[in-house]
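Think of it as A, B, C and D in the order they're written, each chain with its own count starting at 1.
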């Protein structure tokens, strides 16, 4: 039972922005199975918080058996995680879900991340060998953007215009006249909605990583569904489980 | 060898630990973590005569020591269930308990009749889901309605019938007695307490359905109280549930009068919870020299 | 200067934070930790016409994210209360809300009449204590009884009357409407949920009374749901309570429809809880530019 | 507000027996007010456990601003405390309650402790200057008994007879033909009941430290009451608050 819940150890923790933290976890053999776009469930040590927090995998270091998560402190659970120092134990389950597909070398791809949807794009950027334009959208404070530069051309958009294009990621695409065959994106739903429309308009293949509140993280509880265009094979209704069938879906199969 | 098996309406479970409907799918997902053959029984996600799409997301929210859910009984319908989920569960040496939901008495009867020829051990009739507009809890809060639906289901059921009761009532013994009067073979309780969470930063309801069912260890004292009250009020075997996280919790329900227990929210916190609870019950029996778990049922009065 | 004052039945509280009856005595003990003049009001421990000895010990047990208590409304009776506790509270610049309990309608009336000439701002009528055999919850679970006792108390009360409702009912709006029909000036909810804990090692009930009232953050979702439902069902001001530990929790109740809140179990965990909640509410108003707390009351629908 | 809830630091922790632990806490100025027989409320760090654990004070080191608690791990809360290592923070409230009275030098006193009622007798033994016979009752494993030897003659009783007198503390008193003017005791209720009867029979002044489940620890919630012979001044009924009016009471005023 390779992907069981296990107690791991924090290798390092670093604050990247006001409320964004980066944690490397010594996670053992489970990292061998992990791929870009997958996530792990992280469990609180406090008994008042029972549900795991699903956090996307930002980087995988297979030789070292380590993985990195970059997450925002949005509540008490993630705040607890942010206080873990080196050597602290951390309970995780994963890797979970289906990540981004592989892409042939001759394609050109937009990798688009918005806000706390940026981290999973880093491992994806590392793993893809094709030509990549990396577009990152922020409210104001930048994080991780410099780390992307090793893997492709990086374009930034900020809502307040304090860095890069003023506006959203698609404003950056337009500002720079970028072109590609394919889009892979993760971020807030309004951004994904706009990207889905953009991809349709430009007849581009498009993969979106979705997010929803989860309970089990393994496909049993049916909490984290998204609406689908067709009746799903498993659910027999118009929805799919983000944790198990996703979080990455083909844009045309989901209704946002 | 200590005896851990219990009997629910003539069906022997190898141990008293089952899963709580809606938290364990039909076993496929948690089968990756727990050998389902260890379990006393698997209680499936509620199934209806036709596929149900459920409620809009967000469907769950964490609360202090628990969670609220408003899944809305999404399920693929009885046909897919019979063709896919029952054969899956048949691979394991465990009892199959199918949770049945519906919007009308006819809906329940339709599912129950469809299951008559299937290798299903027990039926659990969900008349207590707080998250669907029709059926569900509307049947479960009025003793007369409980008695009527129980009788109707019993008239068509081939397998023994467990009526699953709602805790959102003034007097749980009234609905329990009504289920008994209607011919129920067993009672399971508690379903979730109706709850609400508001996100003060977004100034919005945390689940799209506004209200949801509160579960988890937070509600255990309410569940234990109701199991105890029902155990004093009716002669039917009781399946106790509501916040069982550990073997200690399971034993508390058994001492209060439950013949078996269902583990729900705990699975989300610990996918191995059911197996660990089974082991922990055996350790408790060992420690206190309990030869037969049936000695513990309702032992605290 | 942001406005934090709220109005309950014509009585202005400097802020919406009060204490929950039975958790704060008459203020003397927690007065060592918190300046009572900071509080919107102090709701006293329930007081009856004659001294009540309460239930045998153990009277409390911790539960997951909460506790159950079965104190049994021990109190020194109205005479000692009037002569000792009211003068104590009068030293502070806070509203005095006296919680009144009784076994019969006459008991309630006796206390209410005795308080008519006293410097008391509001009366909270406890018809929902789960831990006394007579009176208490028996009055609070039946809408007809709620209406009758409300009317009877209103006929004799000089101060505005808050009816404190039990959550142990099928339909909280029915008892809330009954209180309104009986002439209540305000409603407070929720009292505790009836719960039980069994010590599996001693095989005995954890509190001597067998059942007790469950309180603490564990039950907050049930309380928020009921406050919301009652806010949609009646026009009376609502005092919300049930598991408020933090300012965030208090704001959740206010957004759900409460004009004021009571802090109970939190005091046991943190004797400074009330003062910290008052400060936190001000910080929330600051952060979101809320000029008047009344804008938040019932703002989530 | 001298006795507020405060965050202190664990100086040291040691296991004394199977399930008995000794913790020294750096507690600051509050120890100056503390006396034998008083207790502190110790708070769990886990949100699922809200009520403080009342634990008697075993020793007070006023010059160092430290106090010692010796406690049994009876549940998850005390188990959590037992895992605190040196330097760990610990939230406490106290000193709480009324402890043992002072005794004039010319008296002879029995100091009797049973089980986890033994620890508070250590600070009492240290503080009393009169003649003391110290009688300690255990189920089987001894703890703290050697530490008492500096302060008086120590007599031990064990239920299984593995050390000292077989039986209870009064069996030890009889075995050794001990005599005194006065008794001060802490331990399980059946033991206190027997001591109360013994004191009455021998016309001895007697103080008992009682225990009951507590919520607030400060006298507000009326959870931890004991029955009293007379109507109590504060409650106006036949009971008193163990946390506030006790935990030490004159034996003749309480009904066990």
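Methods note: a contact is a pair of C-beta atoms (placed from the backbone, for glycine too) under 8 Å apart; a residue touches a chain by one contact, two chains touch by 3 or more.
What you see is a predicted model, and the numbers here were worked out from it, not measured in a lab.
Undergrad: Would you mind telling me which chain pair, C-D or A-C, is linked by more contacting C-beta pairs?
TA: C-D
Undergrad: Provide the C-alpha centroid distance between chain C and chain D, rounded to the nearest whole angstrom.
TA: 35
Undergrad: Centroid of chain B to centroid of chain D, CA atoms only: how many Å?
TA: Here the centre of chain D sits 46 Å away from the centre of chain B.
Undergrad: Starting from the mean Cα coordinates of chain A and chain D, work out the distance between those two points in Å.
TA: Whole-Å distance between the two chain centres: 56.
Undergrad: Residues of chain C that contact two or more other chains, please.
TA: Residues 64-66, 217 of chain C touch two or more partner chains.
Undergrad: Hey, what residues on chain D touch two or more of the other chains?
TA: Within chain D, residues 47-49 contact more than one other chain.
Undergrad: Are the chains arranged, by touching, as a line, ring, star, complete graph, or other?
TA: Shape = complete; every chain linked to every other.
Undergrad: Name, in rising order, each residue of chain B that touches chain C in their complex.
TA: Checking each residue of chain B against chain C gives 63-66, 68, 141, 168-170, 193-198, 200, 203-205, 210-212, 214, 217-222, 224-225, 228, 243, 245, 248, 251-252, 255-256, 284, 299-300.
Undergrad: Would you tell me which residues of chain D are touching chain A in their complex?
TA: 45-49
Undergrad: What residues of chain C sit close enough to touch chain A in their complex?
TA: So the residues of chain C touching chain A come out as 64-65, 217.
Undergrad: Sort out for me which residues of chain D touch chain B in the complex.
TA: 47-48
Undergrad: Could you please specify the touching residues of chain B with respect to chain A in the complex?
TA: 22-25, 28-30, 32-33, 45, 51-54, 57-62, 64-67, 69, 71, 74-77, 80, 216-217, 265, 267-272
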